[in-house]
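Note that chain A is present in both complexes that follow, paired respectively with chain B and with chain C.
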Partner chain A sequence: MSTWEDDESSSAAAAATTDVDLLKRAWRKEKASPEILRFDSPLVSRVREQIQLLEETLDDFAESGVDDLVVSLYQMDLDRTLFLLRSYLRLRLQKIEKYMMHISKSEDLLSRLSQQEQRFAKSCTEMMEKHLEQSVLSKLPYGYDSVTRQSLSSTEDDMVPEPQLDTFVFCKTKSDVGAFQLDDIGEEVVDLVADDLYVLRYKSIKGLVENGQIDLI
Partner chain B sequence: MAGQSDPHLSIFSPSEVEFVAEDEIVEIVPNIRMEALNMICGDFGPFFPQIASKVPLWLAVALKKRGKCTIRTPDWMTVDRLTQVLDAERESPKEFQPLPFHYIEISKLLFDHARDDISDAYLVRSLIEDIRDVRFHKVETGLETISGRTHAVKLKNLSAMEVNIVRPFMVRTLQAFYKHDSPQMIQQADNIGSRPTPVTDRGPRRDLRRR
Partner chain C sequence: MYGRRASQLLKELDSCEAGQLAPFNSDVFDQVVRECNEHNTQFQSLIRKMVEQNLDIETTRNEDHYGAAVHHLSLLRNKRCLMAYMYNRAEVIQSFRWKIGPVLPHEIQEKLHFSEKEYFKNHSTAIKSYMSEMDIDLTVDMVPPKDPYIQVRVLEDIGEVSLGDHSISLTKNSLHFLRRTDTEQFISQGLMEEFLE
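Moving on, here comes the complex of A and B:
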């Protein structure tokens, strides 16, 4: 039985060196996490470059009459990478659209977005505010006309959708993390060893996700 | 399946899980000569007739569809190995046996596209189905043991597709228990006097299922 694990880990280690693999990991994490994660600009631009390069190579192939089979295989590789990149970018846009006001409020969250995403979040928020203002809020009585608060008596922004960080996520450890405290009080401790699969509360493992010690699946 | 109406709980579609599985490496024996492929997802080949080579599953299936290779059945997909796994699955009611993370998707793709390359294909297929059934039964019994004191669930060796199927149930159950068990909820209940459980009386909550 050990051979399976060896095979798996060695192939995973070899594959982890490609940018596509890194992007795939980022895509999975982004899908599984309730909040928006940090955008890896260098990685995305590297993948974009490789896509462009392959597109040019494919054009050259068409001219020089390379075997159809080879061309179709490269085309598949290109399509797979394009799918991954598009899905990743769309996924982030969906999250931004959903939590735009929440994101716009926090410098930390804003800094996780790429420049284009920041522009998108900004214009999206402005449009939404304008729309709400014109269609509903301007017709409501004084005290109830805030975009972010139910009424003047609200002590916090209670009309801003926020990601639910309390939710549970499936995660897999890459290497030994050791005893890990699940809540602030320190009552819950799990011992995370390599290759374990756990269902845990996102909030408590947030740090591990951000520094890459744990993968969401 | 329940939960699929809520797109936030089933976050991966089955075809997306399969997409990920298609990057797993398998061994092929080509019957053609072909230059090395320097792809975005890695470098493979060069290929020579009758010389085994390692490629991602999607590439293997593409070549197989065009009749350019045979795919070697992975070691774990043999009758001997799978019989061992099935026995072990049945013997240990609380543990999952180690199988490749994408065993369901890999075997499905191989059955769909390279059935003639698998020896005892019929038997292998029914063994894999049996293994799936036994494992799902364990997952289902595991779900029953979740309670308000569950803060973490350990599911070592659960595979990708199994995770994906159980995710909506698991997440929703845990969330519901977590919500009702949270101090605010209990406090609120106290205030309206319907549930006189003092918060301080609640002991340390830790109920990890041992795997």
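Moving on, here comes the complex of A and C:
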């Protein structure tokens, strides 16, 4: 109980952002981003602790016969937080399902997953490979039976589904970024002002999303 | 024409409503696989012919070279089509785990290739082990909650159920106003539905 209150009062000072708000932000970002983002492990475990505390509080309420209206308000709050958490985890799993092979071959992408997600990605990839192997590839002639390459003459993996990183995303700046270069050669420069909305290519603002200077919406 | 059959498979995928699955087309699928192997035989024999004429395979650009290239590229195209067919179906099959649950109804089972059935089962197991490692059920709460209480209609006789401090009798077609969390398991089993006026 005390942690919950402490959290609430200390975060009220810190611009009124609770862990649930942070989770909501992470969830929104994950929803809008074409590729998988870094898993916020500490945040998820904090939210889970708070959910547990809230559940215990509700149980106490039931025993001590608190007003039904209060109980249902707490219940609603709990339901929303639970939904947010489940939806966040679900979104990530579905993204992993979609790009499992692409994720599995990159150390950088793998390191963004939680340990459980890494195991999930690994077994998913193995299963998908086995499935394609026994249904299609084993029936094709030698030289054409690779999952990741079209044939022996391909010099790189050209059959792995990848996320479209140059898709456009809606985003909102949190603080002034200043003149920001959108392409490699410096022909397109945009001045990113605090609290403004933009529609930009994900690829060009990827770095800002990762270090939290910009939010996807 | 080379590659026509394979494109039929993809047209079939495309004509399906999003998230739905047509029966696995093993006829066309097997024909395309056969076509692939024929292309390969032709390709090999053209290459052999060039070798027998003591031509350098890397640099010679005669009719046999272009013939072989056509067979090679047709084979690649067929492979891409076959893989796309299987892969896209597998994606739909994955989504069934979230929408329907760990056991597929008979109508869907019938439409699957044996390997797809196996894939669905394995994929379900992977999700299940993730959920038990995380100790959270991700198959509930699929839509954002609005109200802690919802109105439901009972679709099958469930009988006497105790919810919290009281018990109610859930008979077919009766309407109830219940806690959303209590109804979730019945709704996902198809025993109840949300009643919207």
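Quick note on the criterion: the second predicted complex is superposed on the first by the 201 of 217 C-alpha atoms of A that agree within 3 Å, B and C clash if a C-alpha of one lies under 4 Å from a C-alpha of the other, contacts with A are read in each partner's own complex, and residues count from 1 in each chain.
Note that in this section a residue touches a chain if its C-beta (ideal position, glycine included) is under 8 Å from a C-beta of that chain, and two chains touch if they have at least 3 such contacts.
Small disclaimer: the values here were computed from a predicted structure and weren't measured.
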{"item": "Combined model on chain A: chain C and chain B, fit or clash", "value": "fit"}
{"item": "Larger contact residue set on chain A - chain B or chain C", "value": "B"}
{"item": "First, second, both or neither for A:Met127, with chain B first and chain C second", "value": "second"}
{"item": "Partner chain(s) touched by A:Leu165 [first = chain B, second = chain C, both, neither]", "value": "neither"}
{"item": "Partner chain in contact with A:Ser135 - chain B first, chain C second, else both or neither", "value": "second"}
{"item": "Touched partner set for A:Met76, first chain B, second chain C, both or neither", "value": "both"}
{"item": "First (chain B), second (chain C), both or neither touched by A:Gln116", "value": "second"}
{"item": "Partner chain(s) touched by A:Leu152 [first = chain B, second = chain C, both, neither]", "value": "neither"}
{"item": "Chain B versus chain C as contact partner of A:Ala194, first or second or both or neither", "value": "neither"}
{"item": "Lowest C-alpha to C-alpha distance for chain C against chain B (Å)", "value": "7"}
{"item": "Common ground on chain A, meaning residues reached by chain C in one complex and by chain B in the other", "value": "72, 76, 80, 83"}
{"item": "Chain A to chain C touching residues, read off their complex", "value": "62, 72, 75-76, 79-80, 82-83, 85-87, 89-90, 93-94, 97-98, 116-117, 119-120, 123-124, 127-128, 130-132, 134-136, 139-141, 144, 150-151, 153, 159, 161"}
{"item": "Touching residues (chain side chain C, partner chain A) in the complex", "value": "33, 36-37, 40, 72, 75-76, 79-80, 82-83, 86-87, 90-91, 94, 98, 113, 115-116, 118-119, 122-123, 126-127, 129-130, 133-134, 136-138, 140-141, 144-145, 147-149, 164, 179-181"}
{"item": "Interfacial residue positions of chain B with respect to chain A in the complex", "value": "11-12, 19-20, 22-25, 34-35, 37, 39-42, 58-59, 62-63, 66, 68, 75-76, 97-101, 151-158, 160, 163, 167, 170-171, 174-175, 178, 204-206, 208"}
{"item": "Chain B-facing residues of chain A, complex", "value": "1, 3-5, 7-8, 11, 15, 18-21, 24, 28, 31-32, 47, 50-51, 54, 67, 69-70, 72-74, 76-78, 80-81, 83, 166-170, 182-183, 187-190, 195-201, 217"}
